[in-house]
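Please read the structure below before turning to the comments.
By written order: A, B and C. Residues from 1 in each chain.
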Amino acid sequence: MSATTGSYGAWRAWLDDAAPKSQWQARLGEASRVVGKLAANPLAAIGLVIVAALALAALFAPWLAGGHSPTAQALGARLAAPSAEHWCGTDELGRDIYARIVFGARITLLIVALVAAIVAPIGLAVGMAAGYFGGLVDMALTRVIDIFLAFPRLILALAFAAALGPGIANAVIAISLTAWPPYARIARAETASIARSDFIAAAVLQGAPAARILVRHIAPLCVSSLIIRLTLDMAGIILTAAGLGFLGLGAQPPTPEWGAMVAAGRDMILDQWWVATIPGLAIFVVSLGFNLLGDGLRDAFDPRST
Amino acid sequence: MTDRPLLEVEGLDVTYPGRGGAVRAARGVSFALGRERLAIVGESGSGKSTTGRAILGLIPRPGVVRARRLAFDGINLGALSDAGWSRLRGRRLAMVMQDPKFALNPVLRVGAQIMQTYRLHWRTSRREAERRALEMLESVRIRDPETVFRLYPHQLSGGMGQRVMIAMMLVGEPDLLIADEPTSALDVTVQNQVLRVLDDLVAARGMGLIFITHNLTLVSSFCDRALVMYAGRVVEQCDARRLGEARHPYTQALIAAAPDLDHPRAVLRTVTRDPTWTT
Amino acid sequence: MTAPPAIAVERLWVTYTHEGRRIDAVRDVSFAVAPGETFGLVGESGSGKSTVLKAIAGLVAPTAGGVRLAGRGMTAKRDRAERRRLQYVFQDPYGSLHPRHTVDRALREPLEIHGFADRDAAILAALAGVGLESRHRFRYPHQLSGGQRQRVAIARALILSPGVLLLDEPTSSLDVSVQAEILNLLTRVRSERALTTIFVSHDLAVVAHLCERVAIMRLGEIVETLPVEALRASGAATPYGRELIAASRGYVRHDEPLASADVSER
């Protein structure tokens, strides 16, 4: 038993109670076990910290930006090296780079969240339908998935951005269109194997209609695979967004999007390295954080790991 | 006749470390085995398979095996090196497991596997090994050894796969065979065929046999002595044919809990677990 | 005019195609179960006994022949009202419960599907009826033992008060002592409700314990059907039936002819 006393100990005991008194107590207990497994893994913990830092930076940007504005130009102080005044130096228009990184976290998080919110449900729905109903439905949907999978992500994103015009919203749509097929494939494979289980047969025997079985029995089991895939994909999504930004097709100036910042600094990379390198480092760290978190989640969700 | 026992086990403990405290899979298990048939009976979690594997040195890390004495034909098993184990396993000690699907190499033909085992322990020509393998297949009553020799494991039925495994394990002419639930995965009509094969081979070669099972009916008809295990401990040792006279309440309850075709009862006796059994 | 049999299987055939080959899992099987009777289907692997049960439950569509419940012909497509009247207990207690649903949720599901009121009361009554306590109510399957999971599966099957209960080897994966508890539970439940039951198993002793009449199946066909008392007293009439009974009694150390060769291609 835990040696901690006081409210933490009581809270812990409530979560670990072997005889939960309510559905919520049971659910929170399970969730705390998953979180516990995650936190026990040092690399996953690092990933969690990085992702949390991203979220915090996005939320509290005005307070964390060290007093500087991300868009205020100061042409007299352009291309200043990192110093006590400007922690990461200034860019070609004299804007504080640190403040732009912090505010840029909002853009990154926004793009990533929007893509995830579009891609996961669509992939889940299409994949589940294909995997559960089989037959003609499966054939038709698989062909659709294959068609979208055939396109290279960045090129299709470029084409859409070029057709629809630059901007964050169009960048999100362009990325989502190429990012959803793998989720559908995962959901399809998982659904096909889950659908053969006895507990699904039991639900059918109780008279549950297909929609209910898909939403309440099968979807919850697919979700963990999708979440893991999503976190591992985040790095790719961030890089694609950065790529679009680099090509001028994503966020437009003066929005501090990290990819666009790297592009802006590429001519000066030898003399004023900080203009391109610092945003590049930010992209790298955040991608790494999501990867580590994804690996940790995979281990935490795996019922076989202790 | 009074040579030393084939196997001596004294105070065998197998422990697995765990988050909620150590799991003691076997505790203080002690018995001696001559050239006879000993059944180790128990339900799941009783420690019977653990005991069998500990004797063969097959307990995986992080499990820890400790014993006051664990000796096979005088050889101290606790102090064996890897090389020492290689010399014993297959040649003097062998194990037949429950499911041949998992114990036979799926990508090698059956005959090749038996030959491989044979040549591990004796330096002979391929021809000699092949002859020996065919001989073994015949000894396990496989009707058409040449055909079966060329089959892959997935082409074998359950009973045949089990007999092939017996052939493979006995080709080295071991002195002691540990059979871990060898017939549990088989249909009941096939079980008796496989048991017959085991019966004849064990008798003909004068081997010692440890038969691990949860099936009490098999114990009284197949074995000489029985060891009943519960929660890692040996709770009873007795003559296998006289299980009905068992004294320990767990054994009595276990016998009474199984439905009997010839003695119908309205309500089956259930086992009320007494905590004193595990002290 | 006598009531129609609760379950009537009429010339049932179930055929699968596997890798281009036709496999007849069930061949021309016919039998009837009277209301309130407990009927046993015994056979070894490949006998088709589980497939017959699945066809009766509507989990598998017959290739030919049919199934009647209380006189009405049934296909594999059934509506909610029809589903309510027949319930099923699966062999593997680890696979028949949804891993992410608590016991409460598993029992609530059929109640919600069929629009029951007073769900909490029904759930507590169902738990008590199978010998589980309220402390098990919000546990997940991985926090329960095999015997407890099977009790939950039985509670789930009975919560809608079906008239027919189909049991597919419900105790085969359980220890002997746990099996005894579950068999006693089934005996009690059967006498408390007017259930028509079909019990499938490979274990003749278990089937004889619970059933009144037994059909022995082999390779998709019914070899013989006989009352349990006849089984115990004089044994079976057919050679295979006798072989099965003898084998169930355990190994006998004397000379007996072995069965025919069993090399089989997959």
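In this text, contacts are C-beta pairs under 8 Å (C-beta built on N, C-alpha and C of every residue); 3 or more make two chains touch, one makes a residue touch a chain.
Just so you know, these numbers come straight off a predicted model, no measurement behind them.
Contact topology of the protein chains: linear, an open path with no closing contact. Ranked by C-beta contact pairs, the top interface belongs to chains B-C.
Centroids of chain A and chain B (each the mean of its C-alpha atoms) stand 52 Å apart. With each centre defined as the average position of its C-alpha atoms, the distance from chain B to chain C rounds to 32 Å. We define each chain's centre as the mean of its Cα atoms; on that basis chain A and chain C are separated by 47 Å. Of all the residues in chain C, the ones that touch chain A in their complex are 57-59, 78-81, 83-84, 86-88, 90-92, 95-100, 102, 104-105, 109-110, 113-114, 134-136, 138-140, 142-143, 153, 156, 160.
Residue ranges on chain B touching chain C, taken from their complex, read 43-44, 141, 143-144, 147-148, 151, 154-160, 187-193, 195-196, 199, 214, 216-218, 220-222, 253-254, 257-262, 264-271.
Against chain B, the residues of chain C that register as touching in their complex are 44-45, 175-177, 179-181, 183-184, 187, 202-206, 208-209, 231-232, 243-245, 247-253, 258-259, 261-266. Against chain C, the residues of chain A that register as touching in their complex are 18-23, 25-26, 30, 197-199, 201-208, 212, 216-217, 220-221, 303.
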